[in-house]
Amino acid sequence: MSKSERPSQLFRNLNAKVASIPMIFTALVIFVGGTLWTVLYSFTNSKLLPRLHFVGLDQYYRLWATPRWLISIENLLIYGVLSLVFSLVIGFLLAALLDQKIRFEDTFRTIFLYPFALSFIVTGLVWQWLLNPEFGVQGVVRSLGWTSFSFNPLYDSSIVIYGILIAALWQGTGLIMCLMLAGLRGIDEDIWKAARVDGIPTWKTYLFIIIPMMRPVFITTLVIVASNIVRVYDLVVAQTSGGPGIASEVPAKYVYDYMFFAQNLGQGFAASTMMLLSVIIVIVPWAYLEFGGKKRV
Amino acid sequence: MNANGSIAANSSKGTNGTSVSIQNLSLNFGAISVLQTLNLDVAEGEFIVLLGPSGCGKSTLLNCIAGLLDVSEGRIFIKGKNVTWEEPKDRGIGMVFQSYALYPQMTVEKNLSFGLRVAGLAKDEIAKRIARAAEILQIEPLLHRKPAALSGGQRQRVAIGRALVRDVDVFLFDEPLSNLDAKLRAELRVEIKLLHRKLENTMIYVTHDQIEAMTLADRIAVMKGGVIQQLDAPQTIYNRPVNRFVAGFLGSPAMNFLDGRLEQADGDWHFVVEDVRIPLATYAFEKNPVPGPAVFGIRPEHVAFNSGTGWPFAATANVEVVEPMGSDTLVWLKLAGQNFTVRVTAERTPNNAEAVGIGFDPMRASLFDAATGNRL
Amino acid sequence: MSDQAVSSPAIAGAGGLEAYGPSGPKPRHTFSRRNIFLYGTLIVVALYYLLPLYVMVVTSLKGMPEIRLGNIFSPPMEITFEPWVKAWSSACTGLNCDGLSRGFWNSVRITIPSVILSIALASVNGYALANWRFKGADTFFIILIVGAFIPYQVMIYPIVIILREVGLYGSLSGLVIVHSIFGMPILTLLFRNYFTSMPEELFRAARVDGAGFWGIYFRIMLPMSLPIFVVAIILQVTGIWNDFLFGVVYTRPDTYPMTVQLNNIVNSVQGVKEYNVNMAATILTGLVPLIVYFLSGKLFVRGIAAGAVKG
Amino acid sequence: MRYQLMTAALAATVALQFAGPAAATDLEVTHWWTSGGEAAAVAELAKAFDATGNHWVDGAIAGSGGTARPIMISRITGGDPMGATQFNHGRQAEELVQAGLMRDLTDLATKEKWTEIVQPKSLLDGCTLDGKIYCVPVNIHSWQWLWLSNAAFKKAGVPVPKNWNEYVAAAPALEKAGILPLAVGGQPWQASGAFDVLLAAVGGTDAFLKVYKDKDAEFAAGPEVAKVFKAADDARKMAKNTNVQDWNQATNLVITGKAGGQIMGDWAQGEFQVAGQVAGKDYTCLPGLGLNEMIATGGDAFYFPLLKDPEKSKAQEVLAHTLLDPKTQVAFNLKKGSLPVRGDVDLKAANDCMKKGLEILAKGNVMPWTDQLLSQDTQKQKEDLFSEFFAKQDMTVEDAQKRFATIVGSAD
């Protein structure tokens, strides 16, 4: 009786599916496929070229017995936590300052944002130069008479990671500020009026009312900052090459070095598998909560 | 009973066939059932209002009819054609949205003609249809403006125009007036009514505003929880609600409800709550009564106030709050310890705490089962 | 906020003394403590942000002897543009002594198609995800988002293999595809959020009007999404222009982008490090994204505000 | 010698004719020779190749072998091979050869009698896999050199040391004079290489081979190697204040007298030459750190990926021939500061240091180097260990030796 046949489930929404082919391809072939491939070969003893000669968990035993890997993990944790906290805090504070209906807002914003236009390579080079003990900040301060002044993060194993952090924050906080500023501008003026009438101090309004309302902004920011943290590589290479010694090594660099310099793909794949694993453990549940459940009625 | 049975024959206006027919329609979002085996037949030229609180599924049902949501089960016929899996554009419908949904980057004229251009209609045909719609809605001077330059009322008129130019048999309205202020709402309500009279199209209109429902509808479908509770002419729904929900939802101020018991004494039925006994001799029972807990409902305007005796039921009560509303006044009382409101004309406004007499005829009341809420 | 304002209502309330109460606009002080703190902080922070740029510019204008003297913050005693000329046209890597100039055009040739393709793909993805959900779409999207966290290094090898299999390795198209793939996660997130924040009813109205997937995309959505496109373009231009890793791995020397040549120049130390040339080269390489930012910074903020940050 | 040279020249002409008057074929050659001396040397190769009517397309990748190799390998495995590429001969390209991606040069080698002209013979061994030859060695680089700045020692008021032990003894005097005793750049391979040199010099050739050839972990943990670690500990103390990354910047510290010396391969010589310094007068070189005068037969070689284009394949042969051509060898190696791979060329123009090297070579005092003995993987682990050791003064010698023994034990 029904004239229109129920179309097959596959062809419903056909255009959307066709249009999504690049995305599906990227997701499945590149990200999932590449990942599975990487995981598979992490169980082999592939050297320069990938070969399917399985050696069980050997690469992983070796990985976790390697001091450089452990240092890399430690560095990433320090760098990650600090960079997350500082870029959110500084970014938010700058945005809050700019949001005070100040003059020259455009100028200030441009100044805070411009480093973002520069690559990590450039950032690393400039800060390597600025932090050079001879003619950088330390040298200049010393030449001004304070001869005991010591600020030499790039050649001091114990603080080198902070030297990298300084450069990373310089490069990245501008974007965070922009995101936060946009978020602040999106807050209903009435909220501010209400808080003012209630006599809530400004800082409390920010802390207890505005920030909770900016949840989506913080989430977008978190994705951007966190993904950059895990992938940090160029900056370290340009600024310290992992030195002094191996004091500023990071996991991504370990992966790269062992895959290509050491020509030990298996080891590099094992390290990347560990990175992926930790990313997946943290990200996937969150991503499902954030993006998966939302249905529109 | 509620409307799960077919009520096609009830069509109030003409009998020139069914325009929209919904059969056993269900819609689930995951585990949540939004619409449950729903049936509805709309006669050609009929104005149906889907009324209910937010979340009752009325807009969802409308979107299913429009083809904007895929149904989980059941079928939808428009003009006798099964359109369950058709694209919206192929269903012969026009739709008006709450937020107007005008394309912001297009002028009014372009907004009106967009669908026609997509369909590939001839230019002169498009122009003819726009001219007609603009004339009907009196928006000719606005044709070259962009939506941002229009007032709310004008925007909604354009939105209606967009449905109009499609030259379709069925108009769907999704709360079209809720974004407007009270005055404009009243004006446009009348216009929609006139428009319906003029076009004689089938219209399905979603709203949560009972005034709109009462004034516009040939029949109202009151919905709750994805189920049509009652489908009837406005007066029937108002006077003989099928259940306590419908009774409470329609009417402002809301119907008075008293929780008590049905009792039979000497062959006569009474509704008893504390020391109040309401005789039910004049009440037309829907089914044979049984003693037990029940709810008695009567609308505030059906209660007489200080009008002496002669009512089947009369009592005195103390005034708690007086709410003057201009044309008349709402008086809040306590009857048998429960809230009770009476609507009186402005001249007869009592003072606070004054003891007043009230009376009514249970003929105009509604009795509901305390457990199921169904009309007794 | 100011001190006078607080005490005055008491006087007015005392009765009959309205003449002494405040009247007219509340006085404003340009040099209030709040303003000094506010602008003071902003200026100090701004100096910190500007310092590296200042040092870069100043150093690039000095001669090598002056640089050896030490102070990197002192302005050049003698301005020379030679480092700039050298960086642009004659700095050497191996036997090639044509500076950055060749890399500039390569970068242009890489950036333009990559930006266009990556944005085209991501905007359609975002649109499909926001308005035309199909079964599994969310799963793909989540994979994409997780993909944003994968270190690029991990993917180099599989992509080399894939590109080799389809015969695109080493070609410009191959690089464009790689950029589109790695730009996809964040861009798709941006577009999806933006399209989700647009009124759903607009989309429904267009469907009732009979527009299909592409019709709605091109005729309704695109004209309304200028702000987010600006954001995407800025992000992609800077991201792709600044890319080093893909440029070096997926191209051949005659198509190396500017960043690779920058790295070559900076790391090809011949005798002493020519810091002035390095700095000039660095600024030259960063110039394109910098200009993009200076010109469109305002639009960028507006674009982000217009939906990029909505969940 | 002269006669041999002539035969070679003759052979060259023949080969050229065989190759035909090739219509200028572009051949892309990738390498990581970008420092001043290196670039000058590479220019000689390009000149010689261009003279054959073909065209050398230079594909220099700056950084170091570590940066460049992955790019080269990606291109070869990615199906976009260059015409020829530099590798350190030894085990770096082993798998590429096994995968059949590299061109077998055996026929050409037989025709041109490479086995006879290449000296020492072990060089070709590095190019040989399963009896087939896959690369052309172009130079001999030996790591075991100590470069000393005469000016620095003069300033410190101590005589220029004759060996490592004297050098260590002179370190305090240098330091007092505000001179960095030893320059070790921050790149990991420099620290690791310096240790290898110390192992060969302080520990002796046998110890070196026992550790790296026999991979004897027990020996590596033993007292003889402990002696070497003691020397390495001296070295890191002397190098404590080095603030440079690149090897040539470190060399530059020696050239300018800011540092007393540097342990670096003979390629450092090119830098001294570019700076116009004269061996013996401005600087002093001590092969084997003055303790064990041996030359390691490491070095650079060119590999030729298998190409489909016959024109390019022909050009590859011409290039292979050109690289071994006596004239090219002389011109290239003089600039590069390395030793030629054939014993039949005349290096009159060679400076003091090169002559020292040639002498040792002539005596047959050669030994293999880590490039041939160890996989890149092991090399990298070694680099990680020693760059940490040199940068972290509080890392104990015992701890370092224990880790070293572990690496040796698992080496392949």
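So that you can tell them apart, the chains are marked A, B, C and D in the order they are listed, and the count of residues begins at 1 in each.
Keep in mind that, in the parts below, contacts are C-beta pairs under 8 Å (C-beta built on N, C-alpha and C of every residue); 3 or more make two chains touch, one makes a residue touch a chain.
These figures come from a predicted structure and were not determined experimentally.
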Quick one: which chain's Cα centre is the longest way from chain A's?
B
Going by CA means, which chain is nearest the middle of everything shown?
A
Pick the pair with more C-beta contacts: B-C or C-D?
C-D
Between chain A and chain B, the Cα-mean centres are separated in Å by 54
Rounded Å distance between chain C and chain D, as computed from the means of their C-alpha atoms
42
Whole-Å gap separating chain B and chain D, where each centre is the average of the chain's CA atoms
90
Chain A: positions in contact with at least two other chains
12, 134, 256, 259
Listed in rising order, chain D residues that touch 2 or more other chains are 70, 77
Over in the complex, which chain D residues touch chain A? Could you list them?
66, 69-70, 73, 77, 92, 94-96, 98-99, 186-188, 243, 245, 375-377, 379-381, 384, 387-392, 403, 410
In their shared complex, at which residues does chain A touch chain D?
47-49, 62, 66-68, 132-134, 155, 157, 240-247, 256-264, 267
Which positions of chain A touch chain C when the two form their complex?
9, 12-13, 15-17, 19-20, 22-24, 26-35, 37-38, 50, 94, 97-98, 100, 102, 106, 108-122, 125-127, 129-130, 134-136, 139-140, 143, 170, 174, 178-179, 181-183, 185-186, 215-217, 219-220, 223-224, 226-227, 230-231, 233-234, 251-252, 255-256, 259, 265, 268, 272, 275-276, 279-280, 283-284, 287-288, 290-292, 296
Please output the residues of chain C touching chain D within their complex, sorted ascending.
92-96, 156, 160-161, 163-164, 167, 169-170, 248-249, 252-254, 263-273
Taking the complex as given, what residues does chain C use to touch chain A?
38-39, 41-42, 45-46, 48-53, 55-56, 59, 67, 70-73, 121, 124-125, 127-129, 132-135, 137-159, 162, 180-181, 184-186, 188-189, 193, 200, 212-214, 238, 241-245, 259, 262-263, 266, 275, 278-279, 282, 285-286, 289-290, 292-294, 297-298, 300-301, 304-305, 308-311
